[in-house]
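Letters are used for the chains, namely A, B, C and D, taken in the order the chains are written, and counting of residues starts over at 1 for each.
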Amino acid sequence: MQVTEYKPLIVAFCCNWCSYAGADLAGNNRLAYPADVKIIRVPCSCRVNPTFILRAFQRGADGVIICGCHPGDCHYTSGNYYTRRRMALLFSMLDYLGIERERTRVEWVSAAEGAKFAATMNDFVSTVAALGENKRLEDLRCKK
Amino acid sequence: MQRIGVFVCHCGTNIAGTVDVKAVAEALQYEPGVVISKEYQYMCSQAGQDLIKEAIKENNLTGIVVCSCSPRMHEATFRKTAAAAGLNPYMVEIANIREQCSWVHKDIPTGTEKAIILGKAAVAKVNLNAPLTPGESPVTKRALVIGGGIAGIQTALDIADAGFPVDIVETKPTIGGKMAQLDKTFPTLDCAACILTPKMVDVAQNDKVRIFSYSEVTDVSGFVGNFEVTIKRRARYVKEDICTGCGLCTEKCPQKKVPNEFNLGMDNRRAIYIPFAQAVPKVATIDPDYCTMLKSGKCGVCSKVCTVGAIDYQAKDEYLTEKYGAIVVATGFNPISMEKFDEFAYSQSKDVITSLELERLMNAAGPTGGTLLRPSDGEHPHTIVFVQCVGSRCASCAEKGKEYCSKICCMYTAKHAMLIRDKYPDTDVYVFYIDVRTPGKNFDEFYRRAVEEYGVHYIKGMVGKVSPEGNKLKVRASDLIDGKQLHIDADLVVLAAAIEPDKSARPLATMLTASMDTNDFFTEAHPKLRPVESPTAGVFLSGACQGPKDIPETVSQAGAAASKVIGLLCKDKLTGNPCVAHSDEWMCNGCSTCEKVCPYGAITYQDKEFRMPDRTVKVRRVASVNEAVCQGCGACTVACMSGAMNLKGFTNQQIMAEVDAICK
Amino acid sequence: MKVTYFPGCTLRTKAKDLDLYARRSAEALGIELCEPKDWQCCGGVFVSASDEIATKLSSVRALIDAKEKEQPIVTVCSACHNVIKQTNYAMQNDETFASRVNAYMAQEKNPPLPYAGEAEVLHFLELIRDKVGFDTLKAAVKNPLTGKKIAAYYGCLLLRPGKVMAFDDVENPSIIEDFIRALGAEPVIYPARNECCGGYVALEDPASAKKKSNAVSDSAKNHGAEMIVTACPLCKYNLVKNGSSLPVVYFTELLAEALGVKEV
Amino acid sequence: MENKNERRKEQILRMSGVNPKKCMRCGKCSGTCPSYDEMEYHPHQFVSMVESGDLEPLMSSPSIYKCLSCFACVDRCPRNVEPAKLIEALRLTVIREKGANHLLADQIPALLDEEMPQQAIVSAMRKYSK
């Protein structure tokens, strides 16, 4: 058996108006973060259905992070407030299921915060990497 | 099954430096649905775009994936390219392999591996894309301006000037707003009436503008380009089209003891009145709360003296419904109540007044004919104390006043102090301030003039208590620079009361589904880049309803709002964003959850008939999305418990497919 | 109506009038005053530091007594009212403080249930305003004090801190004026009515206290008052000792007089 | 030394529940204070000096005994800073730390007169002694 360095798989949902632009800015400024992070663009953080997160875990993701505009700055005025409340509920359910609380996170990153985006991702990846592989929800039948 | 083309861009070495683009193109070639996969130096160049167009035509592609820079950069470009080749522009997906891949990763294997995964996610998504067509809706070429102060007047004039009809709805019997009550304006000291009243006349004479005074908006439905608004025209008991405004009735009316709101209750008017000489429309109004005829049926003096027969005691409120393409909110502000600040003895002494009251006391048309006299005894005040920031800049936890700076007080107080020292040089004027805030053209110079040329005593510190003793107001205050407590025997104390949005704003915002902040100021669509638009399409903001503003700022914002309205009304049709929510009516259970989370009021319910498999017909309440109003945030899609609500362009299935592709 | 009545130590010694007339008036108004068993001095001042526990326990004991009897706790002395009301507020709003207090209370001989500020704390004036009603009081008046010009002196303790005491408008109160009107007299409004008499520095700095007291009595006099009415023994002492030119009386004395129960 | 001062400041802020950073330096507390003239340091200075950690001068000043605890500054402060609670916390700190009762029980009889209510004595003990 070959031993390879453990690489976590991270799914990041970024809202189109702030966080996705913040991620772009991190790129513009060449601020590195691990390639383990894969970004999915959504119009607003409130578009993220809890089932997407469950699906990601089922398929073997090790961590899921949702990034949106700062409270009060939502392009759609109140979307991120919904996100905050929904995710609080989801996270407590995940906790109940035994998924470590550190595997999920909601962060507010504005379009001007490229550095914050990179720092957040670095921190999240190392946190998740420390936890190791997420096996609690992984369903091997989903792996093709 | 889609026929998908993948186009991988080198972006010179920007991408190719850290991503093996050839390997990416090859890897994606075998993804489901992909029929062709190519790479090229610069996909966004003319040659690159031509390459895409040709590939679409040659291979009958139904969708394309471009692996390139951020979609925020070139999504629009590639959509146009696709459209030019006859493909629906929404069949294009971008894999961001520059900003979110090559630029943030260092070595080629890592970059390439991630680029392939991002490309696969985009392919997976495009497999589920469907052609989208933006909806179109017509535009009613008429604007509504709510509020007839300087903001509303300026907006209406500018819109009318561009040739569009405008209606102004004003709750008071006359337009003019707060500016009509002011004496002079800073920093030029022109007389407010001299610059406002010509505009009021302009607006009255403009045949594109209708003024509904003494009226209010009671209902709004529809959406951008197609609002339907109900306006309540309150009964004024005087026929507006007949009354000549001669004023005879207002002189003969025997009910003389009605507090005159135009002079802030500092003198009285009659029960039938014209608020001020230059009122527009210049017609009388009967105040039903005080008119003896209306209350007891005994009097009728005004009717007897009216030479044209304009009085109509039987008048009733009337409602009219109009269609508008755009709505401008210009509901303005009011000074806050001084009730919670009685350490300044506002309710205990007539000689403690607000700055707006001082404006009336200095105005030639005011209760004292322009001579500054104490309200209590009509004496000339010799020592006047101004208190700044009364109710402004209060901590929210202090549970009184407002958290924000009211912005206009520093300047109008400098104006008042200067005018008083100019007209009555024997007067001592003290201004207690926390900070003097004068950002604005010629503003600081103006304030310095008050200090240096007019000898106004500016004292850094705050008044703690005002005690009416005898005919003096004992003022106890701190002087922070000299480090002492001052005791001043003042004749008049003027409070710079914080300003707040008009009370009508909150219910109006609900009707318009326009958002407000916690202080009831209307929120702008973007604080920097879209300052005169509400996040609700077709609703625009003018003047102090959006935040504290002085006159020059209000006028410029009014003009800006007008230009936005004109830009909208110029269009014959509006094209929407096709990425909007859509409800599957067979799945919807009519629970109303989506309606509650929608920030735009885009979701309504209707009863629909469904033909069941057993040939019976079932009627059910289902959600329906107004595509012209929906902005596509997707809040409803997650709130929907039955899974009926979906977002076009970002469907549950598409996002799941991306998740799956990434987590493979 | 039965209420828990906390007289306070001063009412047992120097301010016997305040107490006596309160009892007679209450009886005339059909209110039964039930004294808590073994009540202790409230301490005279609420120490605002949140880590001061022991000094507030006597108030808590009185509050628990009222809670157990399901009665409001009523005081006539401004200082007792202030201390008890602030203690109750802290029990409601400061969790750390409340848990520490309850830990102390659990050591008592018959430990009570944990207390969380359930009792209603009323000043005698509030009792009249909110439970009896000034109209009822007016109807009960036998000897209206017609023609008397009376200055209400609130001082600090009844009103401040306004958020906690919630007694009346802090800067423009009206309860004692309404009370005076109900008794048939004429209230005199003067700006110093909510200023401090300097009571707490009467020992420490008598000159300072004199200055403050005189400002109050002078202001009342300048506004045409014939007497000053107060609810606080310390205010009364200060005003009188420092040479108030106006007589200073307790509100309960006026009340008893108007109700015709002053002399029995 | 530095650390002790920091700890002391933290303790004072915790006891009083005051956050001096909320102060906007308007001076209304000092404008309203009836004991201003008796004080060496005034309410607004208490707030800003505690904020900057300048505790020694305040703790050794007689000003801490001049506050009437009338709470006018607390009610009138537009920022809800509550200077009177800060002054009280400083006074308690002095009394607790130094064991230096400002008022000793045996001093009291000399200060008393016939009429003085218990309240004054009890509260003076509370305010000025441990």
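The rule is short, and it goes like this: a contact is a pair of C-beta atoms (placed from the backbone, for glycine too) under 8 Å apart; a residue touches a chain by one contact, two chains touch by 3 or more.
Because the structure is predicted, anything quoted here is derived from the model rather than measured.
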Selected interface, B-D versus C-D, where C-beta contact pairs are more numerous: C-D
Centre-to-centre distance between subunit D and subunit C (centres being mean Cα positions), rounded to whole Å: 24
Between subunit D and subunit B, distance of the C-alpha-averaged centres to the nearest whole Å: 47
Averaged-CA centre spacing for the pair subunit C and subunit A, given as whole angstrom: 59
Whole-Å gap separating subunit A and subunit B, where each centre is the average of the chain's CA atoms: 34
Per-residue multi-chain contacts in subunit A, two or more chains: none
Per-residue overlap in subunit D, given as positions that touch at least 2 other chains: 72
Multi-chain contact sites of subunit B, meaning residues that touch two or more partners: 343, 465
Pairs of chains, among all present, that meet the touch criterion: A-B, B-C, B-D, C-D
Subunit D - residues contacting subunit C, complex: 14-17, 34-35, 38, 65-66, 68-72, 74-75, 82, 84-85, 88-89, 92, 102-103, 108, 111, 113, 115-124, 126-128
Sites on subunit C touched by subunit D in the complex: 8-10, 13-15, 41, 43-45, 47-52, 55, 77, 79, 156, 159-162, 170-171, 195-196, 198-205, 208, 212, 215, 233-234, 237, 240-241
Residue numbers on subunit D that touch subunit B, as the complex places them: 22, 24-33, 36-37, 42, 44, 72, 76-80
Subunit B - residues contacting subunit A, complex: 70-72, 96, 98-101, 103-106, 110-111, 113-114, 117-118, 121, 515, 523, 535, 579, 597, 599, 631-635, 637-639, 647, 650, 652, 655-656, 658-660, 662-664
Residue numbers on subunit B that touch subunit C, as the complex places them: 341-343, 345, 347-348, 399, 465-470, 474
